[in-house]
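Both complexes below contain chain A, partnered by chain B and then by chain C.
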Partner chain A sequence: MERKEWPLWEVFIRSRNGLDHKHCGSVHAPDAKMALQMARDVYTRRLEGVSIWVVKASDIVASDPDAKPELFDPAEDKIYRHPTFYQLPDEVNHM
Partner chain B sequence: MYTQSLSIPDGDAKGPRKVENPDYLAEFNAKIDAGSFIEPKDWMPEAYRKTLVRQISQHAHSEIVGMLPEGNWITRAPSLKRKAILLAKVQDEGGHGLYLYAAAETLGVSRDELTEALLSGKAKYSSIFNYPTLNWADIGVIGWLVDGAAIMNQIPLCKCSYGPYARAMVRVCKEESFHQRQGYDLLLHMMRGTDEQRAMVQDAVDRWWFPSIMMFGPHDKDSVHTDSARWGIKRISNDDLRQKFVDATVKQAEVLGVGLPDPDLKWNEARGHYDFGVIDWDEFWNVVGGHGQCNVDRLAARNKAWEDGAWVREAAIAHAEKMDKRERQVA
Partner chain C sequence: MADDMTQTSVQTVAASAEHIEYVMRLGDNALILGQRLSEWCGHAPVIEEDLALANMALDLVGQARLLLTHAGNLEGKGRDEDQMAFLRVERDYRNVTMMEVPNEDFGRTTVRNFLYSAFQILLWQKLATSSDTELAAIAAKSLKEARYHFNHSAEWVIRLGDGTEVSHAKTQAALDYLWPYTAELFAANPTDEAVSAAGIGPAWGELEAEWEAMVLPVFVQATLVVPARTPFKTFGKFGRHSEHMGHLLAVMQHMQRTYPGAQW
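Let's look at the complex of A and B:
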């Protein structure tokens, strides 16, 4: 049995207007048009979406999980970027 | 649907266990202990990856094969309403299979490899689908008991440690409730019908009860020891899940007005649970081993579907390649 796998597409769905598209899974499809139709059938059988993006999985550039410290640790000690860092008098603390 | 507490070995070649880097392993175990999720590109022990590929793919195969016993009744549904409901349910099962294949593929295995394992008979799927659907009430009983058992099995998986599997299971569980309720509703209608219809329901319950409680897998004392619990893949034991299912189902059978075919089924005040009779594990292992009533038919149907669809897959990819080439020539 000769096999030629259809490429993989990542599927992103906007569940309703006002919200971001959110990754929800993937489908195999020969081209973009079919990928959209398959994503519709697989991921929106119950009104889960009003808009679909499909992106070829091979086109996604992802950060390396092993590089997590270099990428994300620098933010860890910058607590002054958060509003809770600043202690204000009680009378105005709801600012 | 549908995992039975599966992860029954697929007959993989046994090799020496890989020695893992102790630092990575410690970090991995710490993550598991902290209850955080493992994501696709994170480091994970080889045995964890293998266990997940096996379990998720067996689960996916079960969904796909699970379309067959019910698909059998689509053209014979007694009304347009029931036909539409059954079509939607069978389509869901196909969808569940696809969510799960996609989750398995994040572990570095290809869809083709997974398909090949199913078609060649190497991979297992839930033994429940090797029983035939003999009358229309079987469709109701599958929804009520088989999907009901599956829900018990699947809810804990929504919190399993592997992110893509857990997320797929959240989606599956949301849809599964429809499956169980439509089945019970179908049976309620038949029970309000004629004596003949009631007899059909009882006949279906008699045949499906024990296979359904077998779906939870062997007793804990007979289960092959795995690291699934340690790794947060399996969170509740086979026997505990089975007991929960039996306890929940007795009342439902009463409301429906059917008997459950087990003379030893009775409330045990001391335990606070229902006791039930001895399960015929020889039957279970016989079906798992390929000798159930429908094993041969099910695999033949999947192989035929795959082969009959080959020209469509090839034509679609040829068309996509042609359009690509044209676009590049214009550009």
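Let's look at the complex of A and C:
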């Protein structure tokens, strides 16, 4: 008999209204609908969320780990991109 | 009620035997199915489903705690949830027989969850307006849980029934096995008549047409064939259980019987 493994789904949970969905892990499931249910059972048992996204792991396009030098290293010496070189008025909290 | 004196005394009037039995039956259904589902913990086909089954078991045990505590209060003999759950003898359990039959395999477990959660949805909806306000509150909470159990098991019934040759055969066998047990859910019963007349809850037989309207379309989608009704009848509601019940109780009760009054 042919044996097929279920595809992997990445799970994103929004913990509260107004916040972003955050990646929290993955589940195996036969299809999208079941993946949502599996994610509910695995990742929201302790009131962790109000909304779930699942995405087929194979549909995620990822950057190449070997390309790290050219992708990310050039930002290393550009500290002026951090907004720390000017005084903020006190009224502007939490920038 | 004629005057205020009578009104206020209603709270302290002892509940009828039928009322107590009806609540106890609800509690026992939840308890025994919860016990059966908990047997899957660590044994389910995949870890995701292991958690799903354990979650559902915990939902049911939670319902059983509330219902059996309430039944104990209505009874007024000082029996708490543990005494109700663990220290009764087999003949005193009022769950329908379908709850106690062995899990057998994932197919039968799923089909039973499906058949029973559909029934629970209808029952909890009706009980949410019960004249017994405590029972109404338990119903409102349990309804949400039953809806999830139904959605989850219905999705599985469709995938297993309309799946591979093996999954179809196992699910069809499960439906063939369990279907005769569903007759007990709707069989006329003097307790139900009294409870229905008192506005406490529906006679379960009233729910049969709506229940069929919920489950039959899913079986069609799952390409499963519903067997014809037969004269087979079970009487768990009356405390007459199958040969499986004693074994289940031995496992479920042994801690409380070995260490009476143990808390954890």
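The definition used in the following text is that the second predicted complex is superposed on the first by the 82 of 95 C-alpha atoms of A that agree within 3 Å, B and C clash if a C-alpha of one lies under 4 Å from a C-alpha of the other, contacts with A are read in each partner's own complex, and residues count from 1 in each chain.
Please note the rule applied: a contact is a pair of C-beta atoms (placed from the backbone, for glycine too) under 8 Å apart; a residue touches a chain by one contact, two chains touch by 3 or more.
The structure presented is a predicted model; accordingly, all values stated were derived computationally and were not measured.
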Overlay on chain A: chain C relative to chain B, clash or fit: clash
Which superposed partner A:Arg46 touches (first chain B, second chain C, both, neither): first
Which superposed partner A:Ala62 touches (first chain B, second chain C, both, neither): first
Which superposed partner A:His28 touches (first chain B, second chain C, both, neither): both
Which of chain B and chain C A:Gln37 touches, first, second, both or neither: second
First (chain B), second (chain C), both or neither touched by A:Leu8: first
In the superposition, chain B vs chain C on chain A residues touched: B
Stretch in clash, chain B with chain C, out of 75-83, 147-155 or 219-227: 75-83
Shared chain A contacts, counted only where both chain B and chain C touch the same residue: 1, 6, 27-28, 30-31, 34, 41-42, 45
Footprint of chain A on chain C - complex, ascending: 46-49, 51-52, 55, 151-152, 155, 159, 166
For the chain B and chain A complex, residues of the former touching the latter: 39, 41-43, 88, 91-92, 95, 98-99, 102-103, 105, 110-112, 115-116, 119, 167-168, 171, 175, 306-307, 310, 313-314, 316-317, 319-320, 323
Of all residues in chain A, those that touch chain C in their complex: 1, 6, 27-31, 33-34, 37-38, 41-42, 45
Residues of chain A touching chain B in the complex: 1, 3-6, 8, 24-28, 30-31, 34, 41-42, 45-46, 62, 64-66
